[in-house]
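There are two complexes below, and they share chain A, which is joined by chain B in the first and by chain C in the second.
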Partner chain A sequence: MFTNFSLVHIQVLLNGLLWTVILSMISFVFGGLVGFALALGGISKNRAVAGLVNAYISLVQGTPVLILMFVIYFGLPIVGIEVSSLVAASVAMVIFSSAFLGTIWRASLQSVARTQWEAADCLALSGWQRMGLVVLPQAVRIATPPTVGFMVQIVKNTSLASVIGMAEVTYIAKQVNASTFQPFTTYLVIALFYFAICFPLSVLSRRFERIYSVSRR
Partner chain B sequence: MSYQFSFSFIEKYWPLLFDGTLATIRMSIIVTVLGFILGTLCAVASSSRHTSLRILVAIYVESIRNTPLLVQLFLVYFGLASLGLKYSAETSALIGLTINVGAYSSEIIRAGLQAIHPGQLEAADTLGLSRLQVLAGVMLPPALEKVYPALVSQYVLLMLATSVASQISAEELTGAASRIQSITFRSFEVYIVILGIYLALSFAMRGLFRLLGLLIFPRQRRLGTNL
Partner chain C sequence: MSAVVKFENVHMSYGAVQVLKGINLEIEKGQVVALIGRSGSGKSTALRCVDRLEKINDGEIWACGHRLTNPNLDLRALRQDVGIVFQSYNLFPHLTVEQNITLAPRWVKKMERTAARKLAEEVLEQVGLAEKIDSYPEQLSGGQQQRVAIARSLAMKPKMMLFDEVTSALDPELTGEVLKVMEDLAANGMTMLLVTHEMAFAERVADRVVFMHQGRIREEGPSSILTNPATPELKSFVGSHH
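The block that comes next holds the complex of A and B.
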């Protein structure tokens, strides 16, 4: 029954996996940049900035990534930007991951003890020195486990880019399925692909959690 | 930039949107309830003394949490059908989503169970409670109370994730949207409206869960805040 599914298909699928990884990296890097700005804005004393960040985060976290993909894909051409599905998917994923990374990092910054901020003030450090030398190094330790954990979400959600026609691994799998008619094998194979990327990240996230919670004890 | 926005499709197709919204709500409720039950069972199983049971749950949880929902739904709908297990798109979506959210719930509830102070268990032992009594009376209630906010977030995410069920042609809001846009060619406007509906649903869901939390957990009611 499974004779049609061959090594050639695995090869094609691996090619698609490369694009899954590329899209994931774009999402993480650019989503991270925007997310960091959001985190800083979120703890800002300026009410308006913090409010805007809050609104953005609850807007994005209250909408499905799938709909985000559609809105960007159909919306960008309206404002005159003709985009490929790769760009549309990247924009949607960056919006999605920035909101979640923003929340994670904002919470990490906020969970650095108040006294640390005050101590930095007492040492007459400037705002940037306080952030860069005192708060951030501690926040990074708190933020690392959930950030690595969230990478798993990013990788998994790139599968939704297949619905707007980006040729990542899920999209390729649909095509392989259409030609071999062996959905179980095909989707099991790409499930294993995803697992091979995500599981190490999950393990890493848990390990960081253990290391950092021990060192803080 | 000469694009004319037109939302006139709402007038004609609002019954489709309305039915889609109801279907999404129904699907979310069913999956939340089933997923919670499955998750609780798995969380309890993963703190059992039988190693094989713990390993089984770990395999289930890890394999679900590290693969995309879309692929899981494809496997349930197309994959199982090719093996002879044919379910309708709706049933497949319910099965797939329940299996998915069960794994996440299990992890969350397990964390709650682990956070229970050992002194509580020793006290329960001293009182001569049976294992089942300890579980149902001493461990689960405070564990669920502690992880309630995390569970709520997970179920809101689940509600949003039901949109993925449209990809296996299950009837729900996103499916209704793609039907309307294929008739009217107003893709952007349709999806903007849908986005608004999902947003409203997620806010409503958070509000309802907060009320439910006050109802279930009296301590929250008295303190007026989460633990």
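The block that comes next holds the complex of A and C.
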């Protein structure tokens, strides 16, 4: 009654991996957009805006992503909003990523010396020119290693979406395991899948760190 | 108004700490005025007020025709008229010397790329660093970086320049090359307000020396006041510098 673990299963798992990658990309791109807005809001002189950003970040960082997914997937239907597991997982992951990317980028912007902002002001640059030409290029160098490092967290956290039934690689693995009853092989294979994505990202992050610590350029 | 800069009973405080307690000062076109005094006397704050890097609490300041307390002050216009050079150079580390110099001319004054490059060559020539146009700041010595910072300011064709302790972060053997550039500027008629600890330089170049003490101007006059101080405070200050 059990089938043997075979190439077909690998193929099915790879299909699941595709969804893992898609969910990761959604998390990073949209989490990044929201996170960038948060970073700008976080350094705003407007205290109300900066305070709101702080509250949002603290709230999200103090909540498990899994619980966020539960709240959205099981909670929203109660108020009449039905969401698919893909949408629920995406929204939860975007919220999670935005809070962390927001913190990383806010800190990067703040670590560009005040005197650089001042020098830009004194050359009569506008606020947007100061941000785009002077502050951001320096902040990007500071932000790149931790940002790439955080992408690893995003990829690994997408596995939580399996709990609300999204057919990403961990969910597929559970099904493959149910039909083959070879948990060791099955989960080892997807562990390798995750590793194959995350390890290069870690290496890249460390490489950026080295490049930017050797030279400020 | 004939004065390029005018302070009228200027008061300024950081919270409860009063930094400027009623400053009156005028700088005419082409004049070089040196602000001297102990640290904490308010001289750097006074200088930074001219570029509106600090806001004053009371009194009036005019700079190059702009009234700085005007609520509708055009800050960017003010800062095109007033150039400033800082103690810590503040060059942009991610840009080459040329890009540092041409950034504002190109983005603020919408200058063409080739014209901007030519301008960069001109101002670099003026500070004696023409061959460094394609270098990055980190490849330059402190003195060279400071000269590039001066060139960057000059590229905006300011009507006057502020120098905030521009040689204080430099090794003694590097201060000379920066002071030389400033002396050339002064000789070419640039209106300058400078905060400095280089007494010999102030004495040689400044048309007027202003000695600040505890947030007030304690003594001012031609540079000869440095050799013949009238007040005991300036006497003791000058004494500590010899």
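Observations on the structure shown:
To be clear about the criterion, the second predicted complex is superposed on the first by the 211 of 217 C-alpha atoms of A that agree within 3 Å, B and C clash if a C-alpha of one lies under 4 Å from a C-alpha of the other, contacts with A are read in each partner's own complex, and residues count from 1 in each chain.
The criterion applied here is as follows: contacts are C-beta pairs under 8 Å (C-beta built on N, C-alpha and C of every residue); 3 or more make two chains touch, one makes a residue touch a chain.
In this text the structure is predicted, and so the values were computed from the model without any measurement.
When the shared chain is aligned, chain B comes close enough to touch A:62, but chain C does not. Judged by the touch definition given at the top, the superposed model places A:202 against chain B, while chain C stays out of reach.
More residues of chain A lie in touch with B than with the remaining chain of the pair chain B and chain C. The touching residues of chain C, counted against chain A in their complex, run 51, 53, 75-77, 79-80, 83-84, 86, 88, 90-94, 103-104, 107-108, 136, 138, 152, 156. Those residues of chain A whose C-beta lies close enough to touch chain C in the complex are 113, 115-116, 118-126, 129, 133-134, 137-138, 141, 215-217.
Against chain A, in their complex, chain B makes its touches with residues 1, 3, 62-63, 65-72, 74-75, 78-83, 156, 160-161, 163-164, 166-167, 174, 177, 187-188, 191-192, 194-195, 198-199, 202-203. Interface residues of chain A, counted against chain B in their complex, comprise 59, 61-68, 70-71, 74-75, 78-80, 152, 156-157, 159-160, 162-163, 170, 173, 177, 181-184, 187-188, 190-191, 194-195, 198-199, 202.
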